[in-house]
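Okay, structure first, notes after.
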């Protein structure tokens, strides 16, 4: 089962004076991948929040392995790497189109919370959807092995 | 009566591959000036929102007159340039410290809304505070003359 | 001749505590439209910069006419609204997919500069390409009439 | 020897629809702390880049431990937690003013590179300055113990 993939084109706004994508902006690309995965499995995150279910990030990591520049087309691969009672872990790999060079790899952990920001169990129908996605990456890549 | 002034130091994140502050980020500096002005006159914007009063921006303009670079210390001058029944207009000038070169000048118009995003009259105590600030800029500068 | 269109999906990162897209981020969407237009007419902006030709923005305006929210799919329509010796003017309209509501409309003016940031004439082959695009919007919309 | 501290006030632009600081923006706060530390020890990062020495981030991590909201005043504590031949590690803690609640803690690793983005040894005078700062945190906090 393949990881989910979505493309992003690097915006000028996302570069910095070094001429590369600013390191903090990779976490936005991760969010694009995460949002896309949830929408594709049938559970858009905007819908979850509309129902009073929030998934704030409690841990985020990124390794920067290559350079991404303005107008580069990048592919963000996202997969669910762990499901626990109240937590979801997403893993990511970002590659440049063309040479397929690995630019960045990362992991984020999110906690399921109600609208008062108290941790709650992941709702059953979401758990089923994400568990079906678990291990959904044929070629785990460096982010997976941490 | 002088305009309100607040300093910001240019962050690496705010630069782009041209080596300058990205044009869209000046609107964030304007927001810093606006937030600072409201807090100093005794009506923090966070408190207004806590009371269900919102001021979304309906019009924003910026003229870019000079260059701001990473680590530059900038002074944002902000003043209330117009008060209407439901609208507030803020004007801004951004200068580099040191040579005092004018880097950017702009204007934003905000509409007072309730939590359902319907336009409402500016609350009386806020109107009094901002009217007292009106014309509060000794040296209006280019942004003012538009 | 139609304006150029490109889609963007609103990212969580681009929203603010009001639940809407932060006003400054529309200028990033304008950049996405501008970048896309130049690439489609055969003159990617990254290539122009690689040749030492820069187009910093000297004036930017945006009118906010509707609300855009997280996961909304937006269409950015971009057209060249004026070509002068050293300046290009781009106009933009942003509509929500689905109801086609106009969310924002704006104009930016860019000056052609060399790598020392001195204004220069727009290179002939670029002038030809953008002049061919001039007036390229069948239905000009509000941004056009300013 | 105390860690370096610098304050940031949360901007509206930095919040997201959850009403909190967007998770990726903490890496900008880390950059503010890092920039401030280097400037205070007498080696502004803008000066290093002007001399052709770059420090791209190769690894970044953040744990999110509390909530930061619009207009909150935050203190970013930054210290050098490791110095190697070509690498510098910075650690960070971000606390809310007032209740001193720990909001976030993180670590970034930066590699010294020349202008062709090849790793090089950290220049001697910089090494001396940062080594003097090493272990400069009396109360290492959670970020340190990873």
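Each chain gets a letter, A, B, C and D, in the order it is written, and its residues are counted from 1.
Here, contacts are C-beta pairs under 8 Å (C-beta built on N, C-alpha and C of every residue); 3 or more make two chains touch, one makes a residue touch a chain.
Predicted model only: the values in this text are computed from it and were never measured.
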Furthest chain, CA centroid comparison against subunit A: B
A-C or A-B - the one linked by more C-beta pairs in contact: A-C
Geometric centre distance via CA averages, subunit C-subunit B, whole Å: 24
Distance between the centres, which are taken as Cα means, of subunit B and subunit A, whole angstrom: 35
Centre-of-Cα separation between subunit C and subunit A, whole angstrom: 28
Overlap residues in subunit B, where contacts from two or more other chains coincide: 12-13, 17, 24, 28, 31, 49, 69-70
Of subunit B, residues touching subunit A in the complex: 12-13, 15-17, 19, 22, 24, 69-70
Touching residues on subunit A, where the partner in the complex is subunit C: 9, 11-13, 28, 31-32, 35, 39, 44-46, 49, 69-71
Interface residues, subunit A side, partner subunit D - complex: 17-18, 20, 23-28, 31, 49, 54, 56-64, 67, 108, 117
